[in-house]
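Following are the structures in question.
In the two complexes that follow, chain A is the common piece, with chain B as its partner first and chain C second.
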Partner chain A sequence: MKDRRPHWSERLKVTLWTLIVPPTIWAGHFLFSYLWAAISCAKAGAFATFPTLFVVGTVLALTLIALSGWVAWNQGRTPGASPPHEDSTDIDRLRFLAKSTLLLACLSFVGVLFTSLPVIYLRDCL
Partner chain B sequence: MSLHDQDDPALRAAQEERLRAVWKPPSGLFLRWTDCNNDRVGVWYVLTAFAFMLFAGVLALIMRTQLAVPDNDLVSAGTFNQLFTLHGSMMMFLFAVPMFEAVSIILLPQLLGARDLPFPRLSAFGYWSFLLGGVFVGGSIFFNAAPDGGWFMYPPLTTRTDLSGLGADIWMLGLSFIEVSSVAAAVELIVGVLKCRPPGMRLNLMPLYAWYMLVVAVMILFAFPPLIAGDILFEMERLLNWPFFDASRGGDPLLWQHLFWIFGHPEVYIVFLPSIALFAMLVPTFSNRHLLGYPWIVLAAVGTAFLSFGLWVHHMFTTGLPKISLAFFSAASEAVAIPTAVQIFVFIATLWAGRVTWSTPLLYATGSLAIFVIGGLTGVMVAVAPFDWQAHDTYFIVAHLHYVLIGGTLLPLFAGLYYYWPLITGKRLSDRLGRIAFWMLFVGANLTFFPMHFSGLMGMPRRVFTYPEELGLGGLNMASTLGAWLFAAGVAVICVDLCLSPRRAKAQRNPWGAGTLEWLAHPDDEDWGIRSIPLIESRYPIWDQKDFVQKVDEGRFFLPDAEEGRRETIVTTVLDARPLAVIRLGTPSVIPILTALSLGGVFILTTYHLYWAALVCAVATLACAIWWLWTGTAEIPEKPCKPIGHGIELPLYISGPAAPGWWAMFITMMADATAFSGLVFGYYFFWTRHADFPPMAMADGPGMYWPMVALVLGVASWLATIAALEVHARGDVGIARLLLMLGIATSLAGIAAGLAGPWTHGMDPENHSYPAIVWTLTVWTVAHAGIAAIMQSYALARSIARRMDPQHDADIRNVTVYMHFFALTAIVAYATIGLFPSLS
Partner chain C sequence: MARACILIFALACLSGCNAQQSTLSVFGADAREIRQIAIVLTVGAVVIFAITALLYIRAVRAPEESLNHHQGMRMILWVGAIGPTLILTALLLYALPAMRPRPASPADLVIRVEGEQFWWRVAYQPPNGGAPLPSANEIRLPVGRTVVFELAATDVIHSFWIPGLGGKMDMIPGRTNRLVVKAEKAGRYRGVCAEFCGLSHALMAFDVVAMEPAAFDTWLADARAIVPPPAIATPGRTLFDAQGCGACHTITGTPHAGIIGPDLSRFGERLTLGAGILPLTTENIAAFIRAPHQTKPGVRMPAYPQLSDEDARAIAHYLKGLR
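Showing the complex of A and B:
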């Protein structure tokens, strides 16, 4: 373990900005969903039975969230002290941010799933 | 200065004498109000917000008394409309939001071991704006001129001047003014949390209160500007007859609802999260252990903040939007229950795992959680669209929102009041009175609002001033009224408790035995905030770090002195709180008051259509702002560095992304860009609402030519400023000045070119929503070009006056941040109005 070269996902810089990547993807997907529905309904009066654009956008969002969660998972396993990560050290700060990012990725993943469910059940714009 | 030096009591006394002199508050009948120390401004802020709360509470009591029995005639329908509008508006805008800002202005510097927040004068400005705007809005009811359109002011009722009077203008302009002070507070809090933490307080050690404040302040940046955009459109319609919400001329009242609720729903969480933040401080204290699940709280705070922006349409379920759109918002509304519940479970787990001291603050905290959970559960119910169709605009909603706000904001604030009163005054409040008041509030709240669920489901609509006896709602309403009076009596008991406080003896220091930094405060507090700025190694330093309090008190940490007679604090890095610089803080000054007064004049005089006088005030505001910046910011220090103790020497001047000023500009411009995106949303919203937008007859304006010329000029001005920054940093001051002049010229030319598009095509904004929105985007952008010219001129003048040189270049760096956002605005606005008509 000692001389192991860190995996690329562990070498990424972790900041406050990376913390909000998963929920930002959720927000992007949500905005996309809203615009997709609003424009489809306003301009076409309907959306397709199999809405390809929406499915692609959702799969893309889920993939990106899963990817950021996976990166956070890897970074959270950087060797160091166990939780609660409350020492003033580089490792504890890194592991704390990684864990928080992972939790946010889980929430965002569920959030995107929630948002996409209506498209399975609803078929029209009324 | 080594540890050894601080062993000398004479040296410590001399340091304290210097600190005391530097932080001495101004005295005198008038001058004392020029103070900007966070302790004092924070206390004024809290008291003012508390007074507004009592006032708005009295309004509610009058309403409840009117509704006690059927067919009552205590107040007229018109007065009742003013009562409920003002009650809601004041509770949200003049109590809930300002109260959290006020509490944070007091607490944050203490929590972060800073002497003060980075921009004390900005806090003072925010306070005076709030006071002026609040008195203006609240006082209107004494002149029978209060707003009466409900706290969300739906057009077309409120935009038609024949249906609504001055009250609507007072609401729009008075509250817009207060929104300015909220954005100012957000800037202050974000920069405070990110840049003014004590050395060693990395992100993972930050008190959770600071995490929540960071999150909430960022939410303000994205939530308030859409409302400001809405306010602009609204007043354009009322004052200038531009038909944004008038369906007969291509407008749409739903646009207002969107803009209002994009603000309005996050607003609910903006007032809820700070209260939860108070819990996050007091629950560990009374559990006598560290809070469990720190990252889970961060998850909850950040997650709630994001999700709360995907909920706004659940206030609009009955407006006829496509079902699929409703379902998206319904899904997000259900999802937000997850992070909300996580924080409640974290508190329960901490209490469970700890050794609980059943204090009065904890009683309030647990009681409020019970009430909040009931409100949360009815929230999950109304998030289901079909249920909401039944309950919309009934008393069920009134019950829901009051459970949430009383459980999620008011009672937690009382918990915080009992918890932090010793911190502010050095004295404890009465446990006996506190507990009596708690039970009156708890029973009163339930007795008032629980019956409303039933009266709502039985069909009682919101906002009716009376109801006929045959509906059988008399008993339920009487119960609600009795509950309201009981609740008010509980608040009165708390007020009595507060009034008795001056007669009580001082409590000991840190009376609850808490572990976080703010409890370093001494009962006989000094004005300097903290004696020396500590090195932090734990989330609960008072508990965990050896001899911590003594070391702070004896000045054994950083910056224990004020050798140069200046107010100072340490700036650190965002992630790891490594010391970066010492900054000099603003001192008491009359400028913030004058700026607030003149800006208030702009809004208040516009309400009464006194446009020339308002223009004079606008010029005065600009003059005050420049005076403030010129004399109080980016000062070149007398020496480059100073020691802060322990062999560390820090610079006295920083610029660029490390500096608080740069962040303040960046954050302000984020808010500005968000407001702009609200206006752009308006343009595209009209496009989705109309079969042909722009309408064929008007589609030739503003043409492509002039918008593209204006776009190129805007981009040129931006590039000129960037080039000026770069050559200036290399020492070519002369060339930098020339480039700034070029920037000014292109900015000014951009104004003319921007206006030329709609002007030459004779677009009449009163005619239709299309020319109106084109003009709005144009005016917004050229106004920003004007500000760009002023900023570039300012940087040029600073350079010529030798207040800016290549080593001290904060001014031009901050102007460049503005220019990035200006370029973005120009590109989006001119591309939209110039190119979109030919695409659609």
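Showing the complex of A and C:
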């Protein structure tokens, strides 16, 4: 049986650094929300009729989080023993980090969504 | 025991039977929306609570081996994570439109209200310009028209809340907040300070009178047409002069123009005394002048114990006659 070349998402290795990607994007988006609202209100005196830049930033953040979640999901499907993945082996470490990254990505996705909805809806400078 | 609990709960519910100051007894468009959201949330919470309780009962009573780990984990995923996320998203989308500020135009009536320890400085600023009409501790509103409240404070943070009319808004020294409202039903209501501001915070309220538009216009025009009180030297008026009350209080049309305390012009037409806490009777006014701190601890107005009861009543009589 011919070995297939691993997909790029499988070749990427989840580490502690990739684990913090989704919450970092969430934090960045959170800061972006406040900065965008403050700068819009200070410079223009009011929100735009439709906050295009903010929506683009939000879609970008959601895409990046979904992407890192998808990579983590693919890595988590690496064959191996069933949970719990708690041994000090490379494969257990990988699957633990992959699962954690996936869960953090889900949480961050919802976090970004819940942060952006009030900004898009309220458009209040007071 | 159960009966006692039900009785206590029922008695506590009686506090909701208040048509003047209640989020459930609404007379404004925003309060109506808030009440609607509160009802949806409460019913939803009860339904979710009941479903969760039923699931618990099923889990406890299920025969052995009838439930498995895989099913349980799937239930946690759907009922514990995905379901709540969807419900919260739906609730957010449902409630957000109500948080949008109501639109106002420059032609709308502006009422500036400043919170002070422990009363409310009110100024009506009609859209057609002209000098604002000062008042205190009472707010009159036209039904069916948009009204803009400009809210500020001079000493500490207060919060302006008319539960039957709309949401509450903080009054912060050095800053003017805007609250746009629309009354829908005429009547007498009550507002309160909703941010602890000192000793008499709980005694800092005000009357709200929602009037039909024509009646409101007549009232505003009458109040703005300065008619000096008859210049007859009644005992009360002489005492008011002699005691220096005018250093702090204004009575339009007289030399008294103090702005430290509440404006007393047309005082007799107000519904209550001492920022919504006492019925406006001659006895109450006289007692308040002699010992204001007895009804309002921490009040800035000095006591006048040296005034005889008769003199205090004379001033009270004079003030009650101002219309």
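Everything below uses one rule, namely that the second predicted complex is superposed on the first by the 122 of 126 C-alpha atoms of A that agree within 3 Å, B and C clash if a C-alpha of one lies under 4 Å from a C-alpha of the other, contacts with A are read in each partner's own complex, and residues count from 1 in each chain.
FYI, contacts are C-beta pairs under 8 Å (C-beta built on N, C-alpha and C of every residue); 3 or more make two chains touch, one makes a residue touch a chain.
What you see is a predicted model; the values in this text were computed from it and never measured.
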Give one of first, second, both or neither to describe whether A:V110 is in contact with chain B, with chain C, with both, or with none. both
Looking at chain A, does chain B or chain C touch a larger number of its residues? B
Which of the two partners, first being chain B and second being chain C, lies in contact with A:P118: first, second, both, or neither? both
Starting from the residues of chain A touching chain B, keep only those that also touch chain C in the other complex, and list them. 110, 114, 117-118, 121-122, 124, 126
Which of the residues in chain C come into contact with chain A in the complex? 81, 85, 88-89, 92-93, 96-97, 99-101, 177-178
Listed in rising order, chain A residues that touch chain C in their complex are 106, 110, 113-114, 117-118, 121-124, 126
Touch list for chain A against partner chain B, complex: 15-16, 19-20, 23-24, 26-27, 30, 33-34, 37-39, 41-43, 47, 84-88, 90, 92-93, 96-97, 99-100, 103-104, 107-108, 110-111, 114-115, 117-119, 121-122, 124-126
In their shared complex, chain A is touched by residues of chain B numbered 200-205, 290, 294-296, 298-299, 302-303, 305-307, 309-310, 322-325, 327-328, 330-332, 334-335, 338-339, 536-539, 574-576, 688-689
